[in-house]
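Should a chain be cited, it is by its letter among A, B, C and D, assigned in written order, with residues numbered from 1 in that chain.
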Amino acid sequence: MTKGRLEAFSDAVIAIIITIMVLELRVPHEPTVDALRPLIPNFLSYLLSFAYLGIYWNNHHHLLQAIKHVNGRILWANMHLLFWLSLIPFGTAWMGENSFASWPVALYGMVLLLAATAYFILTRTLITAHGRDSVLAKAVGADFKGRISVVFYVAAIPLAFVAAWIACAIFVLVAVMWLVPDLRIERTLAG
Amino acid sequence: MTKGRLEAFSDAVIAIIITIMVLELRVPHEPTVDALRPLIPNFLSYLLSFAYLGIYWNNHHHLLQAIKHVNGRILWANMHLLFWLSLIPFGTAWMGENSFASWPVALYGMVLLLAATAYFILTRTLITAHGRDSVLAKAVGADFKGRISVVFYVAAIPLAFVAAWIACAIFVLVAVMWLVPDLRIERTLAG
Amino acid sequence: MTKGRLEAFSDAVIAIIITIMVLELRVPHEPTVDALRPLIPNFLSYLLSFAYLGIYWNNHHHLLQAIKHVNGRILWANMHLLFWLSLIPFGTAWMGENSFASWPVALYGMVLLLAATAYFILTRTLITAHGRDSVLAKAVGADFKGRISVVFYVAAIPLAFVAAWIACAIFVLVAVMWLVPDLRIERTLAG
Amino acid sequence: MTKGRLEAFSDAVIAIIITIMVLELRVPHEPTVDALRPLIPNFLSYLLSFAYLGIYWNNHHHLLQAIKHVNGRILWANMHLLFWLSLIPFGTAWMGENSFASWPVALYGMVLLLAATAYFILTRTLITAHGRDSVLAKAVGADFKGRISVVFYVAAIPLAFVAAWIACAIFVLVAVMWLVPDLRIERTLAG
């Protein structure tokens, strides 16, 4: 019951975040294809964030599948994750409107880094509550992809001031790495 | 469980998309009926998109009723559909604000075409996961309406530059064709 | 299952409608109480619409509690209701920003009338699907409050051009009449 | 069933409130760190409100876990709470845009006070419906934290005109007091 409501609330928040981002794709006044062209960076920025939020929803879904109970700490670790995810639309819009300039790209990387950190904290909180021998702990394992993502974000932030496109390429790379579906928990549960 | 969460997330996203479109119906400053008149194209555009999103929700609902399990591929095929649906408010607003001019109508048709393609991919992904002899595969069948819709959208896009009203008439026609409720799956399940 | 998803989708749409209305309460730029005063009509308009949407959610909730199955017609009768409810934020904002001027008040009454009509159609569609002897049919009964509400809205629309405050008083009266909780179905189910 | 839908609706409304607040973090036009600096009060204001809404969701979740049935009064006591919570984004934005000036801070305190009062009324309505000897009544108990919060808000409102930062410090203090998870009901249920 409790777990169901945590999932429902998280789903609702992620669904809203993913959808209100589209409100930042400001509708141009003229009905010409030229009026659409300046929106290309906004569109690419939206596409990237849509993928990231999809990845978070997908991973969150797998993670909660393996848990048995929920306590106050878990609720707040989850809220903490949702807080940083809720700043993705802001980062997306700033980055899109300024055609991937250095500061907005660095801020976007910072938000991704903080969200990844919050996800890591949530994972540890869940493992602490379920025990190191639980299905969950085995399923999460060493969490190689989680650790490498953090390294990539940390690298991307200063690189945004060297060449913003390198930082963006790193964000795309990390997203692609996760889009290869996260089957770790599924396999452990099935095996 | 997993299927329930996929449904819940999709419902939430579609519900938000359908509702935020109304934010693009900008409230006029004067309290006169004349101030309302320029909003007629926006209203018609909203009505059309509301119908389309209702159709997608309805069909999605029937489609998922017949499935047994969910995997990573299915989750992403579903996200892909939601991505194109999330661009409907943008297309709707651009089309409404420019009184159904050619480029906005063509873009709207393009978004509908990409959403229909994503729906087709989702259907195929589900059939692959459940087998060609499954209830689902039989229920979907040859998917005549799905195929004919794609043909209509492909025709509507160039026609928008000949006469935008023809393209709009095609969009209305396709919507009406679907509003005749999609009973294929229901019947197969009942029979 | 099907019924659950219809409820979930309706809940989500009503929850979003009720919440996005608050976005029309434009935040004043100055930090003075004088800057807040022009928002009083917007606030009253918001309060009225919040009550109406609460009533619709409440009644919808009671109505669906008594149903057994869902078909295509029911889904679309429900979408039709949600369509008119989705225009309430527009009516609310126009009425609030123009301090309850005649045309906006009349439009608001029109939206309420169309929503009430859609609710009536939904009720009839449900009764047709469940039979005239069903618990649902008995619970809904003659639907006195539903009929009298429609009469009130029909009266309020022309009265808005005589004196807008009379129309507003009628809207408040109807809301108060419904806030006396709709216990008809509960009683029939309990008895 | 009924309880589930009340939870689902409340979750959806709180999820939307918490997320649309981020729309008030207006994206700056320039891609410089200086353009970001004026947003610091908006960000702090958002953070505070995010915490408050998280606390309300958390407490609401615990409260409803202990209830057995829902009636019309409970539905409306819940709607009343959601109404005041829905004004938090307005208060947050006004307070943030005016860098915590006296009037906006006082209004924010007023909204918190009214939300706390509505929560208290909801608690009493639930206890009345379940009996003074119910698990719920024992779990809520004397509700020391609820009472002290109201005292703090009442003190903060006039203090906002003496020194706004004192009122803000009180809001932070109350939030911290609640972030220590509300385990009262959990313990009584477990014990």
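What we mean here is this: a contact is a pair of C-beta atoms (placed from the backbone, for glycine too) under 8 Å apart; a residue touches a chain by one contact, two chains touch by 3 or more.
Here the structure is a predicted model, which means the values were calculated and not measured.
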Query - Starting at chain B, fewest touch steps before arriving at chain D - result: 2
Query - Interface numbering overlap (same over half, different under half) for chain A and chain B - result: different
Query raised in the report: Given that chain A is a copy of chain D, what angle of rotation, in degrees and a multiple of 5, matches their CA positions?
Result: 90
Query raised in the report: So how far apart, in whole Å, are chain B and chain C when each is placed at the average of its C-alpha atoms?
Result: 26
Query raised in the report: CA centre of chain A versus CA centre of chain C: separation in Å?
Result: 37
Query raised in the report: Which chain B residues touch at least two other chains?
Result: 8, 12, 16, 20, 23
Query raised in the report: Pairwise, which chains touch?
Result: A-B, A-D, B-C, C-D
Query raised in the report: Quick one: in the complex, what on chain D touches chain A?
Result: 7-8, 11-12, 14-16, 18-20, 22-23, 25, 27-33, 36, 47, 50, 54, 57-58, 61, 65, 179, 181-183, 186
Query raised in the report: Okay, in this complex, where on chain D does chain C touch?
Result: 1-2, 5, 8-9, 12-13, 16-17, 20, 23-24, 71-73, 75-76, 79, 82-83, 86-87, 89-90, 93-94, 97-98, 101-104, 107
